[in-house]
Structure formats: structure tokens, C-alpha cells
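Going in written order, the chains are labelled A, B and C, and every chain counts its residues from 1.
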Amino acid sequence: MTNPSRVGVIGVAIHPHITDARRSLEEILFDTTREALADAKLSIEDIDGIVVGANDQYDGRAIAVMAASGSVGGVDRDILSTPSAGEHAFVLAALRVATGQFRTQLALAWSPTEASPLHEVQRLAADPYFHRALPLDETSAHALQATALLAAVPGVEEAAWAIVVKNRRHGAAAYPGVTSPVAGLSDAYPLRWPLRADMVAAPTTGAVAMVLASPDWIADHQVQNVAWIAGMGWATEPSFLGDRKLAFAPALEAAVEQAYTAAAITAPLASFDVAEVSDTTPYQELLACEALGFAKRGDWLARAREGTFATGGKLPINLSGGALTLNPVFCTGLIRIAEVANQVRGRAGAHQRPGAARGVAHAASGGAMQYNTVVILSRGDEGARA
Amino acid sequence: MTTPRVGIIGVGQSKFTARRNDASYPDLVREAVVLALKDADLAFDDIEAVVYSLSPDAMVGIGNAERIGVDAVGAKNKRFLRINTGGATGISSVISAYYHIAAGICDVVLTAGADKVGECGDSQTVLNKIWDPTYERQLPLGTITMLAMSAVRYMHKYGMTEEDMARVTVKNRMHASKNPHAHLSKETTIDEVMASRLISWPVKLMDCCPQSSGGGAMVLASEKYIRERKLAAAWITGVGHCSESYYLGDRMGRGFVADHADAHALKRSFERSYAMAGVNDPQKQVDVAELYAPFSNTEFHSIEAAGLAQLGGSISQLREGRFSLGGEIPVNPSGGTLCTNAIAVTAMIRAAEIALQVTGRAGDRQVRRAKLGIASGNGGDHQFFGTMVIEA
Amino acid sequence: MELLSRQETWNIAYDHALGETASFFFTQIRDNAKLYGRRDAKSGRVLVPPRAFSDQTLEPTTEWVEVGPGGQIEAFTIVYERFRGLPEPPYAFGYVMLDRADTAIGGLFKGLDLVDPAAAAKRLAIGSRVTTKFADHRKGDVLDFWFEVHPIA
């Protein structure tokens, strides 16, 4: 009997930039679901359960999963919702398959742009006891984290800017036509100091769906193109920004440790062919590089200059262009996981790294990377636990 | 090969009340967590993951309110995610915590949450916003009106009367009078319920759940952990979820799969958890039930969906006392949702109460010789249903 | 000791795309005072309100079907309690299966005396026939129409 704790990704649909106004949100979700099912070569009847991650306030529905449920196949099916983060839908879906009680799961996340202003929606997450009167939306929180790094790491702004240029160049190849030229560092005005324009992309409407399956299902249906979960970890920072060391990412380190232990990763830089990490701001990607063991802060600038993490480099990071290219805010996390799954399955299209066999995805949500999820996906048969 | 089991080793719940002006929302979460850890005889450091139970953000008035709950549940640098399936959130959270352990990833998981329903003004104002803006937001829909319409169809189908509904309130208030945690615990009579003011025909004030503030928490552990430390546990032997169409109007008319009078998807959810637990004759095997029923009329279709009576049959059986403490299968010996409803955790309390029942720790509301119990949670517009089988 | 509190309100505006299906439904109401449903080919059910796909079969719906203006009541309630942000009571609303439809659509019931709940409930009993009435000035919204029970013979 195969090890029930292995879980494979067998279908993916990624839409980070939905611009047509002809469809309602439910219709977008219906189409995205059908596309992921088609990619997995199965029908909704084959799905044992669904987990969605959506934000009630972004959607404008007090319980986001209600109207959406039918669109994603929820009728007469087991459907759960993790509004904390889109990537948490993946985590719970993977856990469910790993129990051996589910042969398949569908995981989805989405991010509409129907609410305005979005920063006001985000500001409502600040607690009403001490912080609500401040303009503390997510961009502000990310800016505070950037400030902490500016104080802690000499030359970090140049390294951050290099990431903006790198990811937007990747994005121009992955999604031609959506990126605009990046202003020079000295030209770009501050959006929210020290975040300059171009260090955060404007919100887009997006949706992403993934199909997970058990080894039994995969064997029974002779599924090709599987991205196996070799390791998974997730952890949260504390509630208040003021209680955190913003120049560091201890929760991400905790998540990394869970994932690396499960996948027996000891030499990270040599262990992966691709990575997709949270780059809602470039400072997040820098912190992720360090926590994932790719580059300590003293080496950030050197690695940027050498192109270690660019196309053709030793470990390309964010070949999709990341959230710096396309920013469907609430589902950027699940998209990072989906992108790595596609790389490992050889389905990343224009931005495919040839021969990618193992990759790592980092998803972050909340202010200044409050929630962190790390998923290692692999084509091989290492048989490591999820 | 048998799947290793998952047990409940600690429960904690507030004394539920209308307003808690002495505590912030995270304080209420912490209150329940401390009680559950004490009950399990564990410290925060022993917890490996947290599943946070919170339904609409708008109820507590904080977007992604679980973020400020992280400290209350001691989740810094730990695994943490939040569940929202509307009113079923609490039981979906327990089941999600179960999956963390059954997947072999964790040995000890905490699930917790709280609600401060009284602070958002009228909860029906918030609950109107759960309907989608395309076709139904403009209508004055709320959970009371939605379930009043279920009562209308159930009356039409099975002949339920308003007195039958009142009888459910009388039963549950009698149960709640024995429960120190219950919000509404004063016994009442059919006459009193019938005389209470009409909210939404046929539902009267005393046919409705209260808006409660308070917290709930539970600690789950793997069989290995429990055996190694020789802990007392209530065993989770069955879990399941099922959902209906969001469209109320699709549960009516011609050719429907589910009738809004009944709780079809709840029945389907019980089918899953019963199959897992090996319950093939619920009327014989179930000793006690905590079924989510925020309005008196909804207890009937919940009992029937749980297979404890035929469709329409629960009315006369409830009248005969079959579902009262001392009867054959006590339903909601805690007083149920009708007497206490802190939305974010109500469905968790159903599971917690059954855990107490099957381990003989339910005090004056104890069902004698209870060994196998069932719990359910409902969410959305009577759309999402989570169920559990918990045994000694 | 003194206990303090703070007041907060949520001020978010939404611009929800209705999509082609709902847009057709509402423009027909606005321009022609007509109601339409969509047929789900697999089950054969005409869904009202119309949707681009059936959530039961997860298949796209296939054709427009004009429905109403007559119909029958499938569910109702009469509200006597005031809730913030909701209409001034008493008011009656519920679900009506329009002629040629297979599902019921929500709407308000007007034109009947609600003072006596039991009497009003009798007139709104499941199966009662209703007619759809349209506002003279319509915006393309669910509140452009309502249902009136047939007069007592």
C-alpha cells in the first residue's frame, strides 16, 4: 500500500490578470474551476472535497464562500473555506489528502477589485483598540518592514531595486504586454516611504485553482505530470507589528524549517531548480531569500549584481514575474505555489525553466508577511512526507 | 490497516452572555483557550498548530480578525490558519484540526475562537450581507427570515404547528437550566413562548437564539500522544461535511434535490460521518446529540437529517419526550444553539458538549451511560453542514 | 474601574460586475417589464433567477425562457420586527415559482393587509397564485418588481 501521506498536484489554472468585465465573480470562478479540472483530466464528480481561500471584504459578501460555493462545485460536496489566506486553502487541501480519507481536492483562491478603496478594506484589519485610527493598510505595514531593513542592512535599497528590475523583466517574458518600463531608482517617487512607485504593483483581479490527488488516484489513473509535495510548512507572526522584529522573518524561518525537514533539504541553494517567493514588495523577496537559505543579507547586493536569481542564473526566482508584475492581492500566495507546480510539471509555458525537477514556493499574506507558507514541489520519487 | 485515531483531550467555554464590556474580542478567545489548556493539563508550548474559528469578520468589526487573535491562541511562529463556514465554522474548525493530526503532521492541535455578537448592532443587518449582491441583497433577507420560510414549508409538508415549535424552546430551556455556561437558562412554558412577540411569521422572539458573547476552545491529540501520556480522551470516530445550493429558491419549486423545509445536505453530511464511524442504525447507536438549531423549528429537520426520526416524524416524538433529558435520545442537553449562540464558536460548542457527555463530565445535564454522541453545525444560508461522531 | 469603548463604521463601496446573464435579466425588466429564466439542459430545470451555469450539474445553461408574470408562492414570511438597515415593518416577502420556471425567485409581497398575521399567512399559503407587478420607473433591479396575491373571490 502506497504511503498515504504523499500528495500530488495534478491540475493548475492561473489567472493573475482578469480584465474582461463581461463575467461576474461567480462566472470567473466557474471558468477557472473547469479549466483546472480539464488540466487534471477529471470532472467535478471525481472531486472529493474543496477548500477555498477568499476575503469577505474584498468580495463584498459577508461570507465569501456562500455564493461562490456553487461555482466551484460545492453543491453536494465537502467544501471548506480558509479566509486567512488563499495559500491556506492549499495547506488544508493537502492535509486532507494526506489523511488518506480523500483521493482528490480542489483548492482555489481569488481576489476581485470591486471594493473601493482597497486600502480602506485592508485598514479594517487593524485592531479597533489601538491601531485603527492609523492609516495602517498592508502597503503601510510593508513599508514599515522596508524601513526596518533600510536601518539594518546598508545598501539594501539598491538590492531591492535590482529585484524590481529582475522580476519585471521576467514578467515581460511571462506575461507580455502587461508590464510597463521601470523608472530608475532615483527617478521613482516614494509611494509610501521607503517604498517607491514600481516597488508595489497596482491590484489586479485574479483567480487560481489547483487540483491535488493521492498516490492511489494518481496510480489508478496513470496521471503523468505530477508535482509531488515533498515538504510543507506554515507559520504566523504575532498580531501587532510593534511586537515583531520587522527586519527579520522568524515565522518564515519556522515554516522553512518544517518544509526543509520534511523534504530533507540541507543545502537549499543546490536543492532547487526554481523558486517563487512573495514579492509584494522587493524587500519581501530579500527576506525570503535569507530565510530560505539562498542568500544572507550581506550577500543580497552581490547576488543581485551577479544575476544568481535571474533567468539563466543558478536559481531563478519569480520567473513568473511575481506580484511585482501582476498583483491579484489576495491570491498572489496560492499563485506562487501554482507557478512552481507548473514549473515542475513542465507546464509553465513561456517562462518555463527547462528541466525543472524541484522547486520551492513561498506565500505570504497579511501586513509585512504575517502568514508564511512554504511548499516544496518535486517531480521525482524521493517519497518525502508532505 | 486502521487509521490512527484522534482524540479530544480538553475543552473550554465561557459562561456565555449578551455583552462582555469587560473584555476585548481577543480577551474572550484567550479566556476559552486558558480553560481548554487547563482541562487538557497542557501549556501553550505543547501546542503545535492552531485552527482559528471565526465566521463573518463583520460580526466583530475587524477585517481578518484572526490576525489579532494570533496572540490570544499563542500561535507565534506556529502553524495557524482560520476557517469560516458561517455558522458551521466551529465544527469545521474542529474537523480541520482533526485533519492536521490524521494527516500525521501534528500530535497536538488547538482550535479556538470567540464572538462578540452584541457589539455589531443588529446581527441581522450584518447577516443580510451574506446574500449575493446580484439578485438577493436588496431583499430583506436575514437568517431569521430565511429560517422562518423553512418553517413555513415544513408546516406545509408535515403539519408542524406553532405550539410544536414552542415545545422545542421549552425543552431546550429546561436543559439549559442545568448548564452553567448557557446564555438563556431560564425555564419557560408553551404559553410564554406563544405570547412572545412575533418577529417573522411564524417565528417568535422565544423561537430565536440569542446573540451571545463568549469563547470556545478544544485541544485535540493523536492516539499515540494520548496513549503515551495516559490521557483521558473522547475519540473522534466520524467527520464529514456537505453543502447545498446557495440559492434558496432552487430548494423549492419543481425538480429540486433538497427542499428548504428539510436539511438534505445535513443528512448527506451525517451519511459521511456515520459511514466513517460505522453507525448504520443511528436510532439504536446514538446516545446523545447536539444538533445546531438556532430556531426552534430547525431542530425538527435536524433530528430527521441525523436519522433519529423519519421525515416529519420528530414532531410527535419530541412531544412524547423522546429527545428530552431522561428520554431515549436527548437532543441538545446543553440547551443548544437556541439558548446560546456565539456564532463563531457555536458549532464548536456542540462538539465540546458531546466530548463532555461521552466522558461523563457533563454535570447536571449528563445523559446517563452516554457512550456515542453526534454533533452538527450549519452555516451560510442553511448551506454548509459539518457533522461529527464522538465516542468514549 | 472605568470601562471605555470606541465607535467604528465600515465605509466601503463596491462596484459588482453582474455578468452577461444577470445583465440580460435586468435589462429585460428595465426595458420590457419581462422576466426570463435560463434552462439547465442536463436537469431540464428552468432556473430563475437566471444563471450562466447550474451549480447542481456544473454545466452552462443553454437557453432563455420567458417566465411569469403569474406564479405560485413557494415560501413566505411576514416581518414584524425592526432591524437596522432593513425596511420598516410589517412587510411580507418570500419566493415565487413563476409560470414556466422550475425554481423560485425572491421578492416582496404587496397589496395585502398584514395587520392580522394568521390571516395574512393564510393568504400567502404555499401554492397561492400571485401576479408580478412592475414599477412604472424601473432601474434594472430586483426591486423593480413585486408580487401581488390574487384578490379574494
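Rule of thumb we're sticking to: a residue touches a chain if its C-beta (ideal position, glycine included) is under 8 Å from a C-beta of that chain, and two chains touch if they have at least 3 such contacts.
Only a predicted model underlies this, so the values are computations on that prediction, with no experimental measurement involved.
**Q** If I average the C-alpha coordinates per chain and also across every protein chain shown, which chain's average lies closest to the global one?
**A** If one averages C-alpha positions chain by chain, the most central is B.
**Q** Relative to chain A, which chain's C-alpha centre is the most remote?
**A** Computed centres place C farthest from chain A.
**Q** Measuring centre to centre with CA averages, how many angstrom lie between chain B and chain C?
**A** 30
**Q** Can you give the whole-Å distance between the Cα centres of chain A and chain C?
**A** Result: the chain centres lie 40 Å from each other.
**Q** What is the distance, in whole Å, between the centres of chain A and chain B, each centre taken as the mean of its C-alpha atoms?
**A** 33
**Q** Where in chain C do residues touch two or more other chains at once?
**A** Residues 8, 10, 14, 16, 18-19, 22, 55-56 of chain C touch two or more partner chains.
**Q** Do you know which chain A residues sit against two or more other chains?
**A** Residues 24, 26, 57, 60, 69-70, 74-76, 121, 124, 128-129 of chain A touch two or more partner chains.
**Q** What are the residues of chain B that contact at least two other chains?
**A** Where chain B meets two or more other chains at a single residue, that happens at 58, 61, 133-134, 245-247, 257.
**Q** Could you list, by residue number, the parts of chain C that touch chain B in their complex?
**A** Going through chain C, the ones touching chain B are 3, 5, 8, 10, 14, 16, 18-19, 22, 43-45, 47-49, 55-56, 74-81, 83-87, 91, 93-95, 97, 101-108, 117, 120-121, 125-126, 141-143.
**Q** Going by the contact rule set out above, which residues of chain A touch chain B in the complex?
**A** My answer: residues 1, 5, 24, 26, 49, 55-57, 60-67, 69-70, 74-85, 88, 91-92, 94-96, 98-101, 121-125, 127-129, 233-240, 243, 250-251, 254, 258, 366-367, 370-371, 385-386.
**Q** Over in the complex, which chain B residues touch chain C? Could you list them?
**A** It is residues 21-22, 58, 61, 121-122, 124-125, 128, 133-136, 138-142, 145, 148-150, 152-153, 156, 197-203, 245-250, 252-257, 260 of chain B that touch chain C.
**Q** For the complex, which residues does chain A have touching chain C?
**A** My answer: residues 21-27, 30, 33-34, 44, 57, 60, 69-71, 73-76, 114-117, 120-121, 124, 128-129, 132.
**Q** Using the touch definition from the top, list the residues of chain C that touch chain A in their complex.
**A** Interface residues on the chain C side: 6, 8, 10-22, 51-53, 55-56, 58.
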